[in-house]
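Following this line, the structures themselves.
In the two assemblies presented below, chain A is common to both, partnered first by chain B and then by chain C.
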Partner chain A sequence: MDLFLQLLANGLVIGTFYALSALGLTLVFGLMRVVNFAHGELYVVGGLLGWALTDLVGLNFFLTLAVVIFCLAVSGYLIDRLLIARVRGQGEEPTILLTIGLSIFLTNTAQLVVGTTPEKVVSPFASKPLFLGSVVITQSRLVLVAISAALIVAVHLLIQRTTLGRSMRATFQDSMAAQLSGIRTAHVYGFTFALGAALAGAAGMLLGSIYVAQANIGNVVSLKAFVVVILGGMGSFAGAIVGGLILGISEAFWGGYMSSGYVDAIGFGLVIAMLLVRPYGLFGKHVERA
Partner chain B sequence: MIFERNCLLGILAAALLAPLLFQNQYALHIGVLIMFSVMLATSFNLIVGYVGEFPLGHTAFLGVGAYTAALFSTRLAMPFEFATLVAPLVAALFGFVIGAITLRLRGPFFVIVTLCFAEVLRLIANNWIDLTNGPMGISGIRKPAWAIAGDALHQKLGYYYVGLLLAALSLFVSYRFVYSNIGRAAIAVRENRFVAQSIGISPFYLGLVTFVLAAAIAGLAGGFYANYVSFVGPEVFGFSFMVSMIIMVLAGGKGTLVGPVVGAVLVVLLEEYLRDFKELRFSIFGLIVMAVVLFLPRGIMGFIGRRHETRAQGATTHA
Partner chain C sequence: MRVVRSLPIGVLGLALAITGAHAQETIKIGVIQPLTGSVAYNGTTDVNGSKLALDQINAKGGVLGKKLELVIEDGQCRPANSVSAAEKLVQRDKVVAISGAFCSSSTLAVMPVAANYKLPLITGVSSSAELTEKGNPWFFRATETDALLAKAFSKILYDQLKLRKVAYIGVNDDFGRGGVAEFEKQMTALGATTVMKEYFEHGTSDFYTLLTKLKSSGADGVFVAAETQDGSIFVKQKAELGLPTKVFGVGSWATPDFIKLTGEASEGIYAAVPYASTMTTPKNKAFVTAYTDRYHEAPGKYSAAGYNTINILAEAIIRAGSTDPEKLRDALGKTDYEGPNGHFQFDSKGQASGFSVVLVQLLKGVPTVAATSTIEP
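Moving on, here comes the complex of A and B:
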């Protein structure tokens, strides 16, 4: 029973982290329908930037977080306006290729600059363990779960309650109609991608303080993020959280009770199984038009 | 159609004569890699160019073919000819199962689920140590008699011509397939799925047939590769092969048979040329991919084909 509770707690924590790392992709892939294979690389860039500023420069953790978010938002906006805008409306294939090209470029340039050694973001939170009954959890993880939850709620409110959020939803439903009612859709696309990139970078830095920031993990992060988004259903925020939690908990239990070798295959197995049963995700809506 | 056939025959003639000009091991090694890449690109192009879906996990079939050839050769001591025959059959079987599952999905879902299959296979190759020897891979694959006899130059020459034979065979089968009724129906589905359905074409069935054929060709390429390098590891399922395949087909021009051949030749030569830039070469490669998507969206053959068409049209209007 103790083992069960501990595994459940681990799964919930890791699941929240998965949800956090997939949050940017939920916007970009789920809402905007850009199959962004550079998501993991943006995460890596955020992590490495966070490491460089906290460890090498010695900047404050929260100041660094702000800098990371700002830098990635600006680069995200530029990526959208300079690259992705040029192939918009040509189906998903050119976008996939463009983002794959971008991810190859970012990974290898990052490796060239900082090498492949795993680095750690300096964190102000103690990693001393807390005992909740029979369950052990470190303080820094608990704080990060809280920050993740706050970020998820903030993005949800941004999309549901603000003017920018409303124009985003309008643009992705019908960009022509949105344009006719005076929304500058080009900016909306740019801002959404900027927000997605900023969230990816923030996730990279936050998780880089617990795990590691490393130049060549981008592919794995991208794949897991896609798994989370698809498990939850496209563009649904509740879905992304549930998808993350399902992935985290099933990985924790599989690793705890079965073999640890195939842990990484769980997510892919889940996605394959779920798309067979419910092709539009747990919370997605099914629309097909001629 | 005739233009395409003549192009392919011209390339075949050039490939047959090329070893007379390049009598050194390094050039022949590149030649063998080109033949392998031509098979891969042709296989990938069948799905991207003629079904119109984007299988990002196409390395699954390459890997299955390579592992099949390796296992049959090391465990059952089968000769090269037989192992290379079994590899495409097993890959086609995998193609049938995976295709039957994934072709129900479309767009981004198809892209990601095929990728999931390739990842699962890679993890199995990494973890099922009894069968695949895990990350250490399988080495000591038996080479056929003609590849051991003679000096290194002759061995390479042998692989070059066997590769050329297999690549020509793949292209011949693809050519007959694309210009058959099934191939035309597939193009109809690619151009407009709903119109095609309304005249009685079943997109799922067509997709599956093409998928199985493409898987078999990728498996053949995998079997040939396994025997040539005499080693197979889990990285045959990896993303780097996938990236080369994508670039070859897109740079060459998808939906044409000549395009992927041209793309394969260019990409292999470019990769060799970029070796001089050491670590920087992958970054440059990424930039080239982005440039191709932005500035040459229909690939080199798409560009040439369009000029050819307009000139042909111009000639008829003048006459």
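Moving on, here comes the complex of A and C:
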């Protein structure tokens, strides 16, 4: 029973982190129909920036988080306006090639600038064991779960309740109609990508404080994020959360009770099963576009 | 008209002749290491050690009256990329020997290329025992194998650390699986029981599941085969969960970066390494000083590996008196090299012996030598 509870706790925590790191990807795909292969690299940039500011400059953790979100948002906006805007409306392949190119560029630039050494974001929270009954967890993980939940709620409110969010949804539903009713769609696309990039960067920095921030981990992050997004349904918020939790918990139980050597196969097994049964994911909407 | 047409060809020929003459001024050694990918950090420190050796050799006048030059390629620890790198080094750069390719699987893939072009290949890293059993006369290994390491350390683990119920965790590749298999074999022969045996993927960031399982297995010691990134995360998370289990690691565990990443969590863990910067030989003191001056950090296991391989190759070229592949290979076979971590000589299969391996314990961030053992032929 102790083992079960501990594995469940591990799975829930990791699942939340998976959800957080997949959020930006699902948002950009859902609203813009852009499959962002540079998602993991934006995560890496966020992590390395977080490391540089907290470790080298000695900035406060939350101030750094704000700076990371701002910087990544600005970069995301520029990436959309300068790069993605040029291939918009030309089908999916050019955007895929573009983001793959961007991911290679970002990885190698990061390697050139900071090297290949794994680094750590300095966190003010203790990593000493905390006993909740028979379950062990650390303060830093609990805080991160709370911050992740807060970020997810904040972005959800941004999209559902604000004018910008309404413009985003309108642009996605029918960009022509949105444009006719006075929405500057080019800006909306820019802001959407900025939001996706900011989320990726925030995830990279937050998780860099308990794992590592390193120039070449982007593809591993992308891979897990894609699993979460396909499980939950492309573009669905609830889907990313549920997909993340499913992945986290099933990995924990498979690793705990079966063998951890094949734990990565679980995610892909789930994806194959999902594509066979519900190709649009758990929460994916069947969207018929006009 | 004919003159005009042949003029560019003539110029081209001249240019080729000049570059050809220029190429003769240095002796090139190819280096294949992972410079990107999950073990990029370790590959880079190997290259750093290689470059230090190169500059020291050239400062003394090079070899055979010529400067030595390294042509460095990124093999990414992937067999396919390492083979293309080797082809490029042989065909385009005309190297006289290759040092590489870090991961045993990649080295294994490059070995037939070396044999095909009749070119010596030396590794200072790849530890999978089967490499030297392939009967490839062009291959040399200037490091220990999993089996040799297991043989040298199992007794110390059993007698001194009193490990009886042992858990084995390894990275899911030939290095991890090879290390786990050899240590389990030796420990079981001594009378220890195996309570858990698990593998994880390169780049795993969360070990809570494995650690939870380790806790419930009741092991009094855990053997871990992992490189810096994975190993440091494992050790850190083990401390987060407050597990008292003794840790014994193989891989790059005694490096400054490992200690920096793990912080207090590294206190008391044991690591078996073919090299520690705290070894007290005069050769090592000189090496550590030169390395620290240049890179501002103490050398690790792979820095020493890169340093040794380039020195062994350079000495062999001098001994051979030419870069003729056959002569160079025979000269390599007669290697008699004194490195920072002891003496190196090769047997008929190309396996080195005579050098030291050490068991270190990390105490207050310093890899303190707990026991030393020599690799027997």
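In the analysis below, the second predicted complex is superposed on the first by the 286 of 290 C-alpha atoms of A that agree within 3 Å, B and C clash if a C-alpha of one lies under 4 Å from a C-alpha of the other, contacts with A are read in each partner's own complex, and residues count from 1 in each chain.
Basically, a contact is a pair of C-beta atoms (placed from the backbone, for glycine too) under 8 Å apart; a residue touches a chain by one contact, two chains touch by 3 or more.
Nothing here was measured: the structure is a model prediction, and the numbers come from that model.
In the superposed model, A:Arg33 lies in contact with chain B only, and not with chain C. When both complexes are overlaid on chain A, the residue A:Gly256 reaches chain C alone and has no touch with chain B.
Residue contacts after overlaying the shared chain place A:Ile100 against chain B, while chain C stays out of touching range. In the superposition on chain A, contact is made by A:Leu275 with chain B only, not with chain C.
After overlaying the two complexes on the shared chain, residue contacts for A:Gln6 are found with chain C alone; chain B is out of touch. Of the two partner chains placed around the shared chain by superposition, chain B and chain C are both touched by A:Gln111. By the touch criterion stated above, A:Glu41 is placed in contact with neither chain B nor chain C.
In the superposition on chain A, A:Pro129 makes contact with chain C only, not with chain B.
Shared-chain residue A:Leu83: touches chain B; no touch with chain C. Annotation: chain A residues 107-108, 111, 261, 264 touch chain B in one complex and chain C in the other. Those residues of chain A whose C-beta lies close enough to touch chain C in the complex are 2-3, 6-7, 10-11, 13-14, 17, 107-108, 111, 115-118, 120, 127-129, 136, 138, 207, 211-212, 214-217, 220, 251-252, 255-256, 259-261, 263-264.
Within the complex, the chain B residues that touch chain A are 48, 54, 56, 101, 104-105, 107-109, 111-113, 115-117, 119-120, 123-124, 126-127, 194, 239, 243, 246, 250, 279-280, 282-283, 285-290, 292-294, 297. Those residues of chain A that touch chain B in the complex are listed here as 29, 33, 35, 83, 86-87, 90, 92-94, 96-98, 100-109, 111-112, 219, 223, 226-227, 230, 261-262, 264-265, 268-269, 271-272, 275-276, 279, 290. Listing the residues of chain C that touch chain A in their complex gives 35-38, 40-41, 43-44, 172, 198-201, 203, 205-206, 208-210, 212-213, 215-216, 228-229, 232-233, 236, 239-242, 257, 261.
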